[in-house]
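What follows is subunit A paired twice: with subunit B in the first complex and subunit C in the second.
Entry: the complex of A and B
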């Protein structure tokens, strides 16, 4: 399975007469965009705003971030199972409007979280302060329940991304990256002297506002399975997860998966990257046992020497992380875990809700309880009234001057558990 | 014979749908009740920290347990003790939701309901049946 990713660099986004790319500027026809994004009889109104890097703009509450992509060659379409049929994706050529993003905002449940600041201290904690954001605000018709509301906003975001992505179809990309994974036996043979590695890719799947989809299937109903890594670059995995802004994986992150990209970077040089095993994070211990057993079995079956395991979320998924680690390690396979921490505001408490002595190689995405002060912003896109009641806030969060003090968990992507962020550690 | 399960909850919305051991109190009271039940031999079937809404962002909590008597299930005890420890490290936000209070309360109850429903459906009816205790 080979996929060429053609990156078209976008430095600015503006409204224009047609939706097109000219040079490094993406123009969006506002009326057409709204008509496409709003094409659902369950939507009462849609609106669109632009938010660019460096502006004094806050987007709140952010539901999802999606990258505009388009298939140029190869089977299937972007977001299989949602925006196209369920043909296998991950091969051929996919063009990307690199530097642009669709951000959805919606008021799905009463409590809200997910902040993107385009400048100031908050901007340093979210990768989406560096993208030119096309912000889609969606209001459903009266009488829509929370499950359906989440779905409506999610699908509107995908339609918007597909619509915008098409502008890149006939554009010559600025750079082309080639990613290839061969069928197992062939792949093992290609670099047979290198250590074999795989990626255990855990997906948040607990229920309302906590779901992830694979080729349109609710991932809490899957048995762990194998994916060619390139499938995710075409949107095979999408986020329906609206909770835990700091460490959820927005759809954009699935499409730009940093662990997969990094594993490809060393593929054929330092190790032989065989592929991804996706698994879920359900609420019952029976599901956890079943999924971790299946995951460990698949890892063993692939015959790898080591795996990277990343979790999504906090608390309940810590148990899945630990089970995956234990069961895979006991098969004699090395593990490296990626997580983030809820170590209290002073960083002094235990970081995870579960632990294992076998988890002896762990990478952290940072402490989500750490405090940050966000200054007043000139523009607020979305629902400014919820700034007073964001998750990660606490008594005294909202200052008289309008600035807010929150924990990092309120900021979209701040402590990414796949490393799609800016937090790092330095030694002096 | 199917295993007998029950729900421990402080959520009215859950109590309307399932027979529950109702706890009239906050999150910590639910966890304490579960710990007592674990010490009596009952087993935890759904993770006490299910849901990414952090402890005290929501006080609603529902957990499915298996009815059992006898020796303490060590895994269940570890789970609930870890959950209690985790809950302690989250600051309790003091919020006045004002006129939004009822709506937000309902939303938080609904999310908890959805999570426990996912759990009950995940367990299925082949191996388990819900009972009252």
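Entry: the complex of A and C
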């Protein structure tokens, strides 16, 4: 399975007569964009805004961030199971409008959505202050329940990303990156003297605004399975998930999966990267036991020497992380864990809700309870008043002048548990 | 103008005498005494030790409350920017006194404190989370080295400057997690760690896994038909529209709400404030999180004694252990005072 990623560098996004790439500028035809994104009878209104790096702009509440991509060669399409058939993806050529992103917003669905600031102190904590954002605001018609509301906005974001991504189809990319993973026996043979590693990729699956989808399937309903690492670069895994937005993986992060990219970087040199095992984080004990048993079995089945295990979320999923760590380690396989922390606003409490002495190699995305002050912004896209009710906010979060005091957990991608960001924490 | 410093030492370093003078009561003298001279030399113009408080180790440890009252009063009168206690090296009672004085100064006067002692001094484990504790040698032979770390840290604390890492400043880690930006992203750091672990090289975790308190369950209730039962939940059940605005995550408070005269929850009288799970089903029928309906039925059938008039609730999602302990302590006292015999704790 070989995938060539063709990055087309986008340095600016503007509205224009046609949706097209000229040089390093992406032009978007507003009417066509809105017609495509809004093509769902359950939608009452759609609107679009641009938010660029360095601007005094805040987006709140943020539901998802998506990268515009297009298949140039190879089977299937981006977001299989949603925007295309369930054809296998991850091979051929995929072009990427690198530097552009679709951000979805709109009336709040739950308590759980995020904040993106394009400048100021908050911008340092979110990776999406560095992308040229096409912000899609979606409002469903009256009488829509929360589950359906989430789905409507999620799908509108995917339609928008597909529509914009098509502009990259016939463009010569600025750079091409090649990622390849061979069928198991062949891959083992290719670097047979190197230690074998795999990635255990945990997906948040706890219900409304806590769900993740694999080829269109709600990941609550999967049992752990293998994936070629390149499949995610074509959108095989998408987010329905922005609860405590700091440590949830927006679709954009799945498509640019940092652990997979970094494992490829040392592939054939330091180790032999065999593939990914995806698993879920369901709420019942029986599901947790089943999924962690299956995960440990698949890791053993691959015959690897070591794995990286990443969590998505905190609290309840800490139990899944610990089960995976214990069961895999007890099979004699080395583990490295990636998590984040909830050590209290003062950093003085225990950071996790479950623990194991076998988890002796941990990377942390930082303490999500730390407080940050977000200054007044000239433009606010969305609904600033939700600052007081989103996870990480509290009564008094929104000041009269429009500045906001929240925990980092309210900032989209701040404490990424797939190591997308540079934040960590240290004991002082 | 440098910052103002008060120095706390024991009777030995104060030049009063050895073990025979360990019952010496607190005394404040102007200026420096004993190790204070060395400290003052390093502080230079940036800080001035205005007075030194001396107390016998036996007196302190045998009369802790009284000694602390007097010492805190003496220090408070000076209104210093920072307090230095010790260094105590491996002297156990002296180390405990330095720690206890330091903790009281921080808590009562809100003034920063730096002390120094050997890492096996019992005072170190007892108080290193409360004050900055420079790690020293086990005897006064390490005085020069100890003072060379204590004085610069005291200056930083007194001036309100940012404090560096435990390694950089020489203090014992206080168990406080602080965010830092790294040069490499998390995924790259994870791969680096993986390679080191595979190769059997030394590696350092970014987060040492915590060790949890384990609470023994209470004795079973003997006759459930005779007892008064209360409902307590971390699943965020609240009256409709969350009147006390309990946070969706990282709760700073808990609620106590009456269920007198209520037999059942429905969408008009209850909902969840919890941001960590799918709230749709709890909002349809809050009995799913707080089983009021079933308990009322059991109460009227005589299957349980009675249901306490109030329920207690908070949001467990992302809430620190420190906050949880504080809520639980208060709730437990309230339950005891109300004569509650047993509690049903629901989560999510």
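Methods note: the second predicted complex is superposed on the first by the 409 of 428 C-alpha atoms of A that agree within 3 Å, B and C clash if a C-alpha of one lies under 4 Å from a C-alpha of the other, contacts with A are read in each partner's own complex, and residues count from 1 in each chain.
FYI, a contact is a pair of C-beta atoms (placed from the backbone, for glycine too) under 8 Å apart; a residue touches a chain by one contact, two chains touch by 3 or more.
All of these numbers come straight from a predicted model, not from anything done at the bench.
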Clash-or-fit label for the pair subunit B, subunit C on subunit A: clash
Partner chain(s) touched by A:424 [first = subunit B, second = subunit C, both, neither]: second
Contacts of A:204 with subunit B and subunit C, given as first, second, both or neither: first
Partner chain(s) touched by A:336 [first = subunit B, second = subunit C, both, neither]: second
Contacts of A:149 with subunit B and subunit C, given as first, second, both or neither: neither
First (subunit B), second (subunit C), both or neither touched by A:263: second
Subunit B versus subunit C as contact partner of A:4, first or second or both or neither: neither
Which superposed partner A:69 touches (first subunit B, second subunit C, both, neither): neither
Which superposed partner A:308 touches (first subunit B, second subunit C, both, neither): second
Contacts of A:107 with subunit B and subunit C, given as first, second, both or neither: neither
Among 202-210, 310-318 or 328-336 on subunit C, the segment whose C-alpha atoms clash with subunit B after superposition: 310-318
On subunit A, the residue positions that both subunit B and subunit C contact, one per complex: 110-111, 146-147, 206-210, 243-244, 283, 314-316, 342-345, 349-350, 369, 389, 391-395, 409
Touch list for subunit A against partner subunit B, complex: 109-111, 146-147, 204, 206-210, 220, 241, 243-244, 248, 282-288, 313-316, 318-319, 342-345, 349-350, 353-354, 369, 389, 391-395, 397, 409
Contacting residues of subunit A [partner subunit C, same complex]: 110-112, 124, 145-147, 195, 197, 206-210, 243-244, 258-259, 261-263, 265-266, 270-271, 283, 305-306, 308, 310, 314-316, 334, 336, 338-339, 341-352, 355-357, 359-370, 388-395, 407-409, 416-428
Residues on subunit B engaged by subunit A in the complex (per definition of touch): 44-47, 49-54, 57-58, 64, 75, 79, 82-83, 85-86, 89-95, 97, 100, 103-108, 110-111, 114-119, 122-123
Touch list for subunit C against partner subunit A, complex: 129, 163, 165-166, 173-191, 193-195, 197-198, 203, 205-212, 245, 247-250, 252, 273, 275-280, 316-323, 348
